[in-house]
Amino acid sequence: MTNLDKLIKHFERFPGIGGRQARRFAFHVLTLPDADVTEIAELLTNLQSSVIECSRCHRFFSKNDGPTEMCSICTDGNRDRSKLMVVERDTDVQSIERSGIYNGLYFVLGGTIPLLESAESNKLRGGALKASIDAQITEDLTEIILGFSVNPDGENTGRYVETLLKEHIAEHNLTITQLGRGLSTGSELEYADPETIKNALKNRS
Amino acid sequence: MTNLDKLIKHFERFPGIGGRQARRFAFHVLTLPDADVTEIAELLTNLQSSVIECSRCHRFFSKNDGPTEMCSICTDGNRDRSKLMVVERDTDVQSIERSGIYNGLYFVLGGTIPLLESAESNKLRGGALKASIDAQITEDLTEIILGFSVNPDGENTGRYVETLLKEHIAEHNLTITQLGRGLSTGSELEYADPETIKNALKNRS
Amino acid sequence: MTNLDKLIKHFERFPGIGGRQARRFAFHVLTLPDADVTEIAELLTNLQSSVIECSRCHRFFSKNDGPTEMCSICTDGNRDRSKLMVVERDTDVQSIERSGIYNGLYFVLGGTIPLLESAESNKLRGGALKASIDAQITEDLTEIILGFSVNPDGENTGRYVETLLKEHIAEHNLTITQLGRGLSTGSELEYADPETIKNALKNRS
Amino acid sequence: MTNLDKLIKHFERFPGIGGRQARRFAFHVLTLPDADVTEIAELLTNLQSSVIECSRCHRFFSKNDGPTEMCSICTDGNRDRSKLMVVERDTDVQSIERSGIYNGLYFVLGGTIPLLESAESNKLRGGALKASIDAQITEDLTEIILGFSVNPDGENTGRYVETLLKEHIAEHNLTITQLGRGLSTGSELEYADPETIKNALKNRS
């Protein structure tokens, strides 16, 4: 396999990229000025050392945000420490922060557990989640919010986290909630599925 | 304008049909056996007389469902008469009935009020809605549920109904609710809009 | 089955219409003024008698176009009678006329022969095609153009017509051609299929 | 700007990639094993030196294909040297080679000239094209094929090349052709645009 083919193989593993687009990426790189290619290679090499995984919520943040091992959210004295939202990925944190409505802390699980996969074989941060909860309990944690997508993998992951935290929840008298279900922006009643209608009725207000 | 063109014009006013498909409909009719065309013409002619608009909820139902002026839902003694859901169209009733989760009564408003249109110019059944509410108040109505789509027209129509019913609600101590908002089936947190995230957080449970 | 359900069944057989849209059509009819419904029913009933199938090309045309049994194209003295294009449907004639580039005559076969269906079982106008060709031969017909879509059914129908006309072609020394293949508007070379590239190369000019 | 943000900016310039997907790429890199990141960085750094731009057709090829400055197509004694096809990009060459139907040589222009851009400001390999043509003229070149997409940019680029080569063509009595236009695979007559119908009629055979 040539170097070109090897690079294409790596690009094919990028999220959402197929063989044809991976190939176009490689040709794109070939047309870049040397300085750009060098910079990309250096950024890649140094990315993991210039980015820190927050020791508390495990989301990634840039080192120059501060000299700490914890991210700007986890160290923010104004955030509401009674709430912890567990999400799949870093991008979920960004999506919720953009909405400007949530003021609690987060925990990034690192992925989902696909329906047909055993929880044991996954690489999710189950142990780290327990540790973060323990730390936050000393700061008056009362509620854990499951912030997962409404699809089979998201719901399976929700059940996994509930089972994982069963004892913690009982012992520390925590509430476990999930994000509300109902009609989302753009939903038309005529085309809504029964499950969504059921939730929309239950959550009417 | 030829008869063919006249028919095409009528088909163009069918919901979701453009000029090209209207034309294909006309050619489709031309290839049908005489007996089919005759039957369609008769069904059309007799449709309005074989279908009754329920005097209570104003949805359409077939005459052979019974000898009554009210539909099978409005006359069903087992439905919960404390609830009335106001919806845009007949197809919304069907969508909610399919979910099997709602046991109250309905009122079909007959459409929406587009954002930029004045409420006065519309042909919605505002007067009939008040009459149906009055009738149901004698049957212990306590809650009016706004069952509209989550889009500008649906929300505008919701505001119109609230204004319309203001006095009724105050006088009879009714509760007015809207269908719950939140993550609907298939929603991915990463792509959810801020409004949906806000509602999902508010309605967490 | 109620009249409403019967009408919905008929609408479901309209080209491109599924159950849900057929139902919306029926509710649309229910909201129409009586006068409109009556007009539609009359137009449908009279459509076949107000529209004539041209005795030569078998496309449909409105009676008030003239007192003839042949359509305005077939009777047009300025059309080039050396060419006859065989197409599937009336709408194909319209599409080609819109392009303004073809000045010969047409024959509407009335459909395609799906790949897995025997030619015998179909209702295509094979016999009428032969008759129209015979008529045009007296008017100096030299070329028969196969105007079919480039998909399996279209190509199967092309082969059927070639076989059907084998003797006519040989006897009267006719040329049989098919519409040119190549890159169509919007084709990008990178995404073109091998067959299209092959034709584009063969037909380069 | 943090290193993370810088990398995201680079990914945003990859073909077809928006801000959100660029961000997901960066997070993808963060989750990769060190060894993979190192390999990607090295492949990027060495790509331009492990890949050669063919001195004749200017497409990229891997060095280990051979010890030459020309690619395997340009050095292949069995290719038909009477033909030269000018294309936009490397991926076009691959698309045509996949079809297995063309046996001439290629020239990769390196892009298109957008309709509203002046030809002078572009970075296309106009000079190199002339040099390659000169070289191939000694090998009996007779035809230059314009292999561009059928869209405004592709057609504008075709006109640019024609103007650029005007004198060469006249002087050496070359033929300049473009890929044939017509119905491509999947084209339905009813939906074909007038230009495609016109070409399909002109190129019928």
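Order of writing sets the labels: A, B, C and D. Residues in every chain begin at 1.
FYI, contacts are C-beta pairs under 8 Å (C-beta built on N, C-alpha and C of every residue); 3 or more make two chains touch, one makes a residue touch a chain.
Everything numeric in this text was worked out from a predicted model, so none of it was measured.
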{"item": "Contact distance in steps, from chain A to chain C", "value": "2"}
{"item": "Any chain in contact with chain B as well as chain C", "value": "none"}
{"item": "Inter-copy rotation, chain A to chain B, in degrees (Cα atoms; steps of 5)", "value": "180"}
{"item": "Classification of the chain C:chain D interface as same or different, half of numbers criterion", "value": "same"}
{"item": "Centre-of-Cα separation between chain D and chain A, whole angstrom", "value": "39"}
{"item": "CA centroid of chain B to CA centroid of chain D, Å", "value": "55"}
{"item": "Touching two or more other chains - residue numbers and ranges from chain A", "value": "89, 91"}
{"item": "Complete list of chain pairs which touch one another", "value": "A-B, A-D, B-C, C-D"}
{"item": "Touching residues on chain D, where the partner in the complex is chain C", "value": "87-89, 91-92, 95-96, 98-102, 145, 147-151, 154, 177-205"}
{"item": "Complex contact set, residues of chain A against chain D", "value": "2-7, 10, 13-16, 20-21, 23-31, 34, 36-48, 50-51, 60, 62, 64-65, 89-91, 94, 110"}
